[in-house]
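Okay, got some structures for you below.
Two complexes follow with subunit A in common, the first pairing it with subunit B and the second with subunit C.
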Partner chain A sequence: MTAPGASAGEASGDLGRVLAQRERKFAMSLLAPAFLALLATTTFPLMFLIWTSTYRMDLAMPFADGFIGLENYRILLADERFWSSLLVSLIYTGSTVTLQVTLGLALALLVMDMKRGQGWFRLIAILPVVLSPAVVGMIWRTFMLAPEFGVVDYLAINAGLGSKNWLGDPLLAMISVIVIHTWQWTPFAFMVLLASLASLPEDIYEAARLDRATAWQRFRRITLPLLRPAIVMVVIMRTMVALTAFAAIFTVTAGGPGTATEILNLYAYRKSFTELSIGYGSALAVALLIVTIVISGLLFALRRAK
Partner chain B sequence: MTLKRVRLFVVMAIAAIFLLAWVFPIIWSILNSLKTDQDVLAYPPKLMFSPTLEAYRDVLFGSAAILPNLISSFIISIGTTIITMLMAVPAAYALARLRFRGKRFAGFYVLATQMLPPVGIIIPYFLILRRIGWIDTYQGIILIYLSFSLPFAIWLLVSYFEDIPFEMEEAAYLDGATRLRTLWRIIIPQVRGGIAVTIVFVFLNAWNEFLFAVVLSGNTVRPVTVAMFNFVSVEQTLWAKLAAVSVLAMLPVVVLGIVAQKNIVKGLTVGAVKGGGRR
Partner chain C sequence: MSLFKPTRRAFLKAGTAATALVGLAPAVLRQAAAQEADLSPYKSAKIDWQQTSGETITVAVIPASYFDNLIAIAPQFKTLTGIDVRFEKIPPAQIRQKSVIDLTSKTGIYATHAADPMYYSLYAANKWVEPLDSYVSNKSLTDADWFKFDDIIPAWRNADSIDGKLYGVPYDGEVTIQVYRKDLYDAKGLKPADDLTTFVSNAAALNTPNDRVWGTALRGVAGAGQNMYIYPSIFREFGGQWFKGGKLTVNGPEAEAALAWYVELMHKSAPTAAANWNWPDIADAFSQGTLASYIDAHSSASVVNNPEKSKVIGKVAYARWPKGPSGKRVTSIWNWGFPINAALPEKKKKATWLFIQWAASAETQARTAHRFAGPTKRSGVNRTSIWRDPDYVKLMNGFGHNFVEATMESLQSDTDVDWRPRVPQWPAIGDTMATAIQSALSGQATVKAALDDAQRRVEPMMRG
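Up next, the complex of A and B:
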């Protein structure tokens, strides 16, 4: 940013100061509505959340409510369901992000080499990502995964695997929600990486070809390093979304069977709005925020490294 | 030559499988929405059947009408879009164009608000809205939607504001135009395209939201994504109707997505490109 208010910058002395001040006032008045709204809808709730997390607050038993300090957090650290939901979160996030990036990258490389039909991929890839995860979840739960009537189950039967209770078995349910999330968001990785691939300089590849580098060498030594910023960006963005995935799991399994697909985000929701323990739910949400900050911190460090 | 051909064939086959996998659940929903329940539940799945619009008639005007929910979705999405744009355009202009102390921090703040897990916002918000009686109201839902639509819109718009040349602005100032007048008459028309793209994405995100809607909706205000959830219960699933509602819920966003096709990567990666970067 070099030029904003260049006219003010050129003026000198008092006039310059007056102009700069006027510019600042103007900026403040333009920013005020949006920032007040953001304070009210993000910062204020965050402070309120932290405050609630130090209370025993149970909508079903309001008579027992009261300040309990860090008690909720003490309970949390000893809560097996918290640790299991954290583990489910990490498995869900790790596997969906890895799948999205590898499949998206493979497909982007493949499509990049195609002489015709690229347009189709660019068009079709839009469809999943613009859909509501809630709608996607419900479509998969019914028309794709329902025993016998679902297309996936039909394919499984024909492949000789037999009909499966896709959302009733803990392991299959976990695989199912991972596949659904991957289905919806691989096109995102694909589109971003394809755009990034298309912007790579052609001449480096020419030089590599003259040096008789193999396709694998070209990929490993040229494409991958050049794509690294885009890949890391996709990983960061998708990780944040996967950690707070809600509709994509809630509409399919609601966290079940039992707590098999209950990620931390979903646990915080269920605790607060199904079991009505708002205070403890708040502590879980704070824990999720901390996990999010730690993981994004690690990823940003990865981005800066090298 | 033959090896090359085999390779080409394999590549095309893999590509075709991906395309099919992405498009199939959507097409299958459309097909199911044109079936009767018996046809939906047929085994093996039926590709050939006599299409009927019965399910659409039912969900639009019949027993399981979700027309009010579609209208709710539109009111929420349009309301969110209008309020977001009114606030985001001036803010983005200031962040992209003006010089003032704390600008770096302001930009960072907008980005950082997106780190907050939505579930952490909705718990306190639910308590507040319950106290002031705003559960199941449009203002309650639209207000909370600003928490994600504003940062998104501001960052997307900043990238468009940065693209216009400064000369135009300066010429206007030299002619004695006020800042506000310049913004309105000179700058805004220049970023019309960017504003249109932002409107599309803000609408789309509001339409697709689910968590806040589930907690805050009731009998008066219930967007379609929440209402359709009732079509799948433990007791029974209204198969064809669910398919019809799905198609109706998908329609606006698919149309918008295709309209905004060229800008979709920009819309999807907004903020991330610059976040933690040079600003």
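Up next, the complex of A and C:
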């Protein structure tokens, strides 16, 4: 903040600067504890992770440990299971985010026109979101999807589809984990989109109706463009979460059967904590970090475009 | 308006009193139990039990009745030695990771923990745990005539030793055996299988899914301690050897035959859901009468004989593993043993050894098994002498026909130290194999492709 115009003297300008400086110092001292805590709990572990990824650190063979530079990354690029888990991650993320936004938007449009009971609907819809993903995973695995005993299988048998091994078949397992994630997080997209729908100006729709625009035209030409910022935001947030998802898949299939649902995150976890190859596991985690940053960056760029 | 308006003071008072009562009651009871317990069988050992009095050690165990019984009589150990023992219960899926993290960071949180025998190679390679031979032979720490180390089941002692050095003392163990429904077998005139082919035909004969009875089930869920707990027995019975010419080999004709046998059995005569089952699921299904047989740990007998849940009590019988094409029967050498954390100070190591000696002694084994006051008795005692004790045998035979014989014969003739590859890389190998077995079972890959892929992944793990 500087003193305005020539009416104020040199001295008052100095005073202003001193005051501003003091204020900055004060602000900084207020910020410092949180900033340091953040540094210690996020930045430092991240740096440590990157540093670890340049080492061979194998608890099973401690004698072979040592600095190996980018060797872990070279191995990673040639590792088939890395590429297949990355593919699984991308399929998982792409399909869950698409489903969440489509279903969330459809629900929001539907509920918007509900005259009564909207409050109740919102309350019930939000329930899956507040559950822990680990709990959701356990419920689906034991209560819903167990062959012969689960609710979903019971419905499938009664619908004439016969009993299916929902988590034991590679394709069905993948579909199952996608459905579970979509089931849990669609309400989030629904709530955000419902809120932005409610804030859209009514007069534009009125004008459109006077011009005899059809419902579909109103949706295509008015609702979607106006909702675009909200939709893009939901896509960005859900993508980041889906790419780094862990708990639900871990409890439902643990990446199985075989490696059919092994997302990159799970592979990094297994390498580090089950196989005890900490160095290579760190390299996988860094790769996941890079993928997440690149994809989020692209989405943010998309948001700014147009 | 409420009629009762508690003041802050009254609330605090009541709360404190309640806490004191709840907190003290078990302590008082335990104290009483400890004083009543006769410690003279322990005091006949010619060592000074009180030599590290005042030490505190933390012991990690899994939540299981055989450890609960030990925890229940632990106050006796405190009276005997003056050592405080804090128990921490960690589920089996996490106890390995937690102890590895503790050992690798050398924090010495767990003086000892219930250890997976497959991990001693890893522990020894990193010098994370103490070699125990010097503790066994140290006269001031161990009275050899009293402890009778050789009485501990040899298969389990060998399982806890690497290159002839002892790293853990077995506390409780198990062998895998056939468990079958005698009534169903008798109705069809079947005998428990003596070879793997008969096991398949028995299972097929009794597999009637329309009546909700399936022929059999083996562990299907992936994990070093799940499907990779059953498969190694089959692999060894088909003549497989983990080390061919010094090189770890997981594929080849024997492996393919073994895995194909497993996959076919699971597809033809087991419930579909068994692909995701671990042993508790199998034992539960069996106790509900939906399985005609299974092969798993003998300790699951307590589940299928649980009077509150089981519908098949009195109809259960047991037999050893069926023989494989190689003519061998191969059972597990699984046991939970106690090692000593090398990161501890000397005095704590001694205190930990006293605890291990106490827990593994014949007296404590008996007090936590047939002489335990509570409802659950142990079926995995570590002493040959107890397995011959008429009281114990009588109790164990309550589990069903041929239980003690099948278990004892398996322990004596069917154990094989090379049941699984005992190398420091086991955690990685076990996980890789578990994934391969499941890929083959789910049809994600053919038997041969799954094993060849596992071999490709295992090879770089073994390179130094």
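A few points about this structure:
FYI, the second predicted complex is superposed on the first by the 294 of 306 C-alpha atoms of A that agree within 3 Å, B and C clash if a C-alpha of one lies under 4 Å from a C-alpha of the other, contacts with A are read in each partner's own complex, and residues count from 1 in each chain.
Throughout what follows, a contact is a pair of C-beta atoms (placed from the backbone, for glycine too) under 8 Å apart; a residue touches a chain by one contact, two chains touch by 3 or more.
Source: prediction; values computed, not measured.
Of the two partner chains placed by the overlay, subunit B and subunit C both lie in contact with A:Phe273. Ranked by how many residues of subunit A each touches, subunit B and subunit C are led by B.
By the touch criterion stated above, A:Ala64 is placed in contact with subunit C alone, subunit B being left untouched. Once chain A of one complex is fitted onto chain A of the other, the partner contacts of A:Pro147 are limited to subunit C, with no touch recorded for subunit B. After overlaying the two complexes on the shared chain, residue contacts for A:Glu206 are found with neither subunit B nor subunit C.
Shared-chain residue A:Pro257: touches subunit C; no touch with subunit B. Touch criterion met: A:Leu49 reaches subunit B, while subunit C stays clear of it. Comparing which residues of subunit A touch subunit B with which touch subunit C, the overlap comprises 141, 146, 148-149, 273.
Contacts from subunit A toward subunit B in the complex involve residues 1, 3-9, 20, 23-24, 26-28, 30-31, 33-35, 37-38, 40-46, 48-49, 52, 107, 110-111, 113-114, 117, 120-136, 138-144, 146, 148-149, 151, 154, 183, 187-188, 191-192, 195, 233, 236-237, 240, 243-244, 246-247, 250-251, 265, 268-269, 272-273, 278, 281-282, 285-286, 288-289, 292-293, 296, 300, 303.
On subunit B, the positions that touch subunit A within their shared complex are 11, 14-15, 18-19, 21-26, 28-29, 32, 40-41, 43-45, 86-88, 90-91, 93-101, 103, 106, 109-110, 113-121, 123-128, 143-144, 146-147, 150-151, 154, 166, 170, 173, 179-180, 204, 207-211, 214-215, 225-226, 228-229, 231-232, 237, 239, 242-243, 246, 249-250, 253-254, 256-258, 261, 264-265, 268-269, 272-273, 276, 279.
Of all residues in subunit C, those touching subunit A in their complex are 97, 100, 104, 122, 125-126, 220-224, 271-273, 275-276, 423-428, 431-432, 435-436, 438-445, 450, 457, 461, 464.
Against subunit C, the residues of subunit A that register as touching in their complex are 59-64, 81, 141, 146-149, 163, 165, 167-170, 173, 254-260, 270, 273-277.
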